[in-house]
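Notes for the one structure printed next.
Chains here go by letter, A, B, C and D, matching the order in which they are written, and residues are numbered from 1 within each.
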Amino acid sequence: MLDRFTERTMDLEYTQEQEEFRQELRSWYEENLPDGWLEGERDIPEDGEEREEFLRDWQSKLHEGGWAGVHWPKEYGGRGATLVEQLIYNEETARIDPPPSISVIGTDFVGPTLIAAGTEEQKERFVPNILDGEEVWCQGYSEPEAGSDLASLQCEAIDEGDTYRINGQKIWTSYAHYADWCFLLVRTDKSGPKHHGITAVLVDMNQDGVSHEPIDQIVDDSTFNHVYFDDAVAKKEHVVGDVDDGWRVAMKLSAFERSALTQAFALEKSFDELVEYCKNTERGGKPLSEHTTVRQKLAELDSRIQAGKLTYYRNVSKQMKTGEPGPEGSMDKVFTGEIKQDLERFKTKLLGPEAAVWDEDAPGGRWQTSYLQSFGTQIAGGTPDIQRNIIAERVLGLPKDAKE
Amino acid sequence: MLDRFTERTMDLEYTQEQEEFRQELRSWYEENLPDGWLEGERDIPEDGEEREEFLRDWQSKLHEGGWAGVHWPKEYGGRGATLVEQLIYNEETARIDPPPSISVIGTDFVGPTLIAAGTEEQKERFVPNILDGEEVWCQGYSEPEAGSDLASLQCEAIDEGDTYRINGQKIWTSYAHYADWCFLLVRTDKSGPKHHGITAVLVDMNQDGVSHEPIDQIVDDSTFNHVYFDDAVAKKEHVVGDVDDGWRVAMKLSAFERSALTQAFALEKSFDELVEYCKNTERGGKPLSEHTTVRQKLAELDSRIQAGKLTYYRNVSKQMKTGEPGPEGSMDKVFTGEIKQDLERFKTKLLGPEAAVWDEDAPGGRWQTSYLQSFGTQIAGGTPDIQRNIIAERVLGLPKDAKE
Amino acid sequence: MDFSLTEEQERMKETVRGFLEDEGGVELARRKMDGDETVVDELWDSVAGMDYTALTVPFEYDGLGDDMVYLALFLEEVGRFAAPGPFAETLGFAVPLINELGTEEQKDAYLSSVADGDTRLSVALHDEANETPPETVTMDAEVTEDGYVLDGTKPLVPYADNVDTLVVATRTRDEGGYGGVSLFLVDTAEVETTPVETLDGTRPLYEVEFDDLTLDEDALLGPLHGGGDALRRGVDRLNVCASAALIGGADEAVDRSTKHGNEREQYGHPVGRFQAVKHRTADMWMNMQGGRSLVYYAAWALENDDPDAPRAVASASAFVTEECTTIFGDDIFNHGGMGFTWDHDAHIFLKQARTWETFLGSPEEHRERVAEARL
Amino acid sequence: MDFSLTEEQERMKETVRGFLEDEGGVELARRKMDGDETVVDELWDSVAGMDYTALTVPFEYDGLGDDMVYLALFLEEVGRFAAPGPFAETLGFAVPLINELGTEEQKDAYLSSVADGDTRLSVALHDEANETPPETVTMDAEVTEDGYVLDGTKPLVPYADNVDTLVVATRTRDEGGYGGVSLFLVDTAEVETTPVETLDGTRPLYEVEFDDLTLDEDALLGPLHGGGDALRRGVDRLNVCASAALIGGADEAVDRSTKHGNEREQYGHPVGRFQAVKHRTADMWMNMQGGRSLVYYAAWALENDDPDAPRAVASASAFVTEECTTIFGDDIFNHGGMGFTWDHDAHIFLKQARTWETFLGSPEEHRERVAEARL
């Protein structure tokens, strides 16, 4: 019965090596972030081209520092970090909140997919240009008539020998306005069942047949785009996986997407900011932090955030041991997404009448934006309804929704 | 443009006549309730037979006082009350909380259905014995394999000339242990679509072929029963409506059910009791009524209860004018049902550690029971899921659930 | 007891709805959001042409003498389209206040002119953008021999550039709550206004500066130091007006979600077949109906000076602003990605609800008032 | 950093689960609810036969020296079946407390005996059934020349008739909070016990009367007037034990709802196809997982004397008792009418969660502790 003592039991301390990794990253950020960034001057140019240049520069800095592909294998220029190191990377990055990575689609989704499922030629051609921001990627999945329901997609690829001619429309495409390449799902066969006949192909965005148009969002900003393919051309050698088998490739990529990250660390950061505000803001003659209603809500949010974060820890720890993420990972998006919305809504409420003001420089401008953004975060990549279906069906084994 | 002034606008005052009606009812209750009832000694015998006798006596008193069929037409022995008078009746009755009416299935559901859809013979034979409690009714709808989904019912009636021979099982049958008659749904035709071939028939409960068994509930009480029909006999002349057309008759009856009542008045009573408790109970050195968390929750519950009650008023007022209930009526069960559960749960929480105690005589015994009962109230007569479907489909016009 | 609408009231709602649809519906709000400065004037004139600016003005000043319930019904329809304009501020706040407190001269000067559509008013309430009424009112008005001198800044004045006159709340005596408050009627020509960027782009806010502004005796509205009680009632009326407008928007949101649920197909079904969508929409509808009942009752109680009015208003405000914020958010979710775009209407209403939710007191503060009344 | 279970821990959970299933599973709880007074003894003996009564007893007293995390995992499985017995009280509360505070004699007297399964303990904490710890502790213990005299009544003592000894909390000095508290070890043979009717029929409560009971010096556990700190930690441990048991029950509730969702047909479909049922079950599962994470962390923090432990315990207690009450209620809803019957298991767990939700402090009180730590 005593064999249990040969294994280490649950342990929430980090090893010295892990702490060093954390320290290395912290120091790198401190030295390399744009001037004033850590003091809160987060000036990213608003203008399109300047902005792109700024972001590409930042990506190349990240790459030079060795922080562009923390989770990538070393042979592909990554850091080959363990899951716990990735966790530390995510935690510190959320705390620092550096400029966004323009190459996130490439580093987090396309790169790992090509490494896993691409041909040797594809790997050689594309993978090296991802981490340094040389080539920026987007992914073309959703269509106006195929939102969550990818199987209905219609964007058409006609076989022309060595190439495909592509016509159709994609929607909700992040980074399309910067992207050099697109990981695109097209329909190559209309005859079979809807999941069949979809092909994943890499398409050059810098050609005449491709155009894009920003989608204005409720935050009065546009990070999503319509992308139009009008006799665009893709080489057949750029098909990823087998022709007509793109559904499976896409599902694989979407698994990368789901297991990639947690919002929990960003929630902690936002929560800490809230705590500071409550300590330093008076209402009705005493700090908000002494109002019972505020204290109760803060405590409730704290418990939920910690529940989300600790569940993420459990999932990562399990994956470290077994190589497979545990079922706990499935809940992260919807669980933390709903906390996010609740937290940001609460923060804007605390602003009082001033919540009416929406100026980036106003006290609550950024909070209002975060609140609005929380809707987008929940919807993009699968609404809460879809996520609950996934949990119910894939984790718990409940029956699928009724079909006609 | 001035024609508006010829109509009275919204008015929440009662007429003198209505106030007199309320006073008459109040006085009658004060004079006729069992001794000590108004002072909180609500002793209803626990023993089955004694209990039945007590309840039948009370019903006959109600009848003598003219309060058994407030909403029934005068020609059938009712009071022919207007909807507003019914509202006043319901409000006062909730406030007084008298012993339950053993004849409630008869007075609220079966009687009105027979008056609307019964034959002259049926009306003559059955209706006069309902109000005075001479004959107690139950209704046999749900079956183990057909809960919400009445169309699946299997309880079978075989045509034997002037009679039906009935075999099958019903479940969730309230008052079956007291009932003399049952308003029963049986299957008379298995060949057609499932909604077809159901017949509504009145069955004598006092015959050998009928037996019942109580269903123990989580409140450790049994007001529901299994009812078994084992070669029971019903006369064909007791079919209500047309043979095979019982589905429509049942839907009509279920419309009576839905528009009949609101829980809002009972919620107000329960809320008032809570307010008294909070004023008179100290915790941590001050009355609960001075705890911010308590005050916030009380206020939230108050708003919701009032929203429920006022919506009921709007519905009744509309029905007074147009003869048809408005769509607002559809929300009462689920809206007030959820408040009920939330309110009762909150009340038990306020008891502190003593909430562990479950003695009818203990401070919170009755509250714990009410909390548990709140689940039954929500589930019986259509779960919240079903109610939301009804609202979405019938009121809003959203599509029906997918069918195979 | 009759808590339903009269036939005439139903008809008015339909008329206003049709009228506003003809004027452009929610495009009116979008024009305002896009910076079109003419839309408020144009719409106000059209509304005046229909006599609706006269709604709450008493008969003797050429008005229609309608009550708060009627106004709430009108504002439901305005709110259905988030139509821009100081309707609540003028018809719901200023007119009843002037009618209650004003001298004959003040009534003569303002009421008929409002009825005719020639005068619009708003309210300068907040000094502390971070506090809620009555603690918002801190600006001094100095009493001098020549009248009064106002000096200070009101940071959140709605529609200041679109109205002729402001009701300005000042504190002339250092008393708590609504005590020691004096109200003034100030022409907007006499003050400096600076627009503020707002979350709700349909309802502009301005910073208004009073630079040692000297006012005559006749600018004082109501008793010196004693305008607080009336202001409280005025704020209550404004709260009910805001809630009524949100309920109208919520009614429209239910329709929008229902339409989408029937038309949009995913996985081979109209999305409204999925219970998550169905039940969310049913909840939107129920909470809209519940909120509507609270609003009608609060309007009735205010109109009838019912002692329950302050509780009824607080109750309606807490419930409606909170639930409507949720309703408009749910409308976004029901529409998936489309709901998150600028072109979809949900966000217009969401931002409006989020603004009202704390503009005149948070739900928690309203609930404290409810508790005070019940306990 | 490793926040997953070891293989051995996973195996232990499976073993305990299988063992309890063989012993009767949830029927054990039903026997207790039906008044079978033998089930607690029988089950305890079986558990002792598996050495699990030795879990938290240190090696030097023939125990297995396991930590709070291990105990929490064990109690998850106990809680899965609502298995009756003073497991939390003995192994989670009394053993660590005696180990921390006890004299060598006291440790000798109790610890090995608990490990062997011969001794069971419980805690007499509440004097005021309407207050929560530490305000619950008001009973005096008079200090005399011969020792101590206890006089009073403890109204809510769990398992008093099923245990040998009670840890009794008294207040010997009039200090606030946990100050001035003295703890005593009292044999149940020396007190009078009267059963109380309880909501949760699996965990009996007793009124325990101390009738001028004179105790020797050696009945004192820990320092006179100074037992409060240890009691606070003991109450924290008890809270974590209770939450762990509820999480086990919640895990089982998810399974039960899932099974029903697949098997029960209505309208021609398994009911689990309806998103209302699916999504409710997914929510049950998510909140169970979130609560489980909080419980494991709180257990780890307690075991490691982490300064975050009090916050972590309060956080877990508030979240778990509240969410589990909801989870068990949702299990009822998922089962429709059947869920509301005595024969269905959901109510057993619902009543347990409802009891724990306020037995050692309400969620609101726990949240106040969390806020205290964060602000």
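Methods note: a residue touches a chain if its C-beta (ideal position, glycine included) is under 8 Å from a C-beta of that chain, and two chains touch if they have at least 3 such contacts.
Being a predicted model, the structure only gives us computed values, none of them experimental.
The chain pair with more C-beta contacts between its two chains, of A-D and A-C, is A-D.
Note: the chain lying farthest from subunit A is B, by mean C-alpha position. Our note on geometry: subunit A versus subunit C, Cα centroid distance of 40 Å, whole angstroms. Centre-to-centre spacing of subunit C and subunit D amounts to 53 Å, using the average Cα coordinate of each chain. Counting partner chains per residue, subunit A shows two or more touched chains at residues 292-293, 296, 385, 388, 401-404. Residue positions 269, 274-277, 279, 364 of subunit C each touch two or more of the other chains.
Here subunit B touches subunit D in the complex through residues 142, 145-149, 151-152, 171-172, 215-218, 220, 224, 281-284, 293, 341, 345, 348-349, 351-359, 362, 365, 368, 371-372, 375-376, 378-380, 383-385, 388, 401, 403-404, going by the rule given at the top. Put simply, subunit A touches subunit B in their complex at residues 292-293, 296, 401-404.
The part of subunit C that touches subunit A in the complex is made up of residues 126, 129-132, 135-136, 156, 196-200, 205, 265-269, 274, 276-277, 325, 329, 332-333, 336-337, 339-344, 346-347, 350-351, 354-355, 357-360, 362-364. Contact residues on subunit D toward subunit A in their complex (touch as defined above): 1-9, 12, 51, 64, 66-67, 69-70, 254, 258, 261-262, 269-270, 272-273, 275, 277-279, 281-283, 285-286, 289-294, 296-297, 300, 312, 314-316, 318-319, 364, 366-371, 374-375. Across the interface of their complex, subunit C is touched by residues 1-4, 7-15, 18, 84, 87, 275, 278-279, 289, 292, 295-296, 298-300, 302-304, 306-308, 310-311, 313-314, 316-318, 320-321, 326, 328, 331, 334-335, 385, 388-389, 391-393, 395-402 of subunit B.
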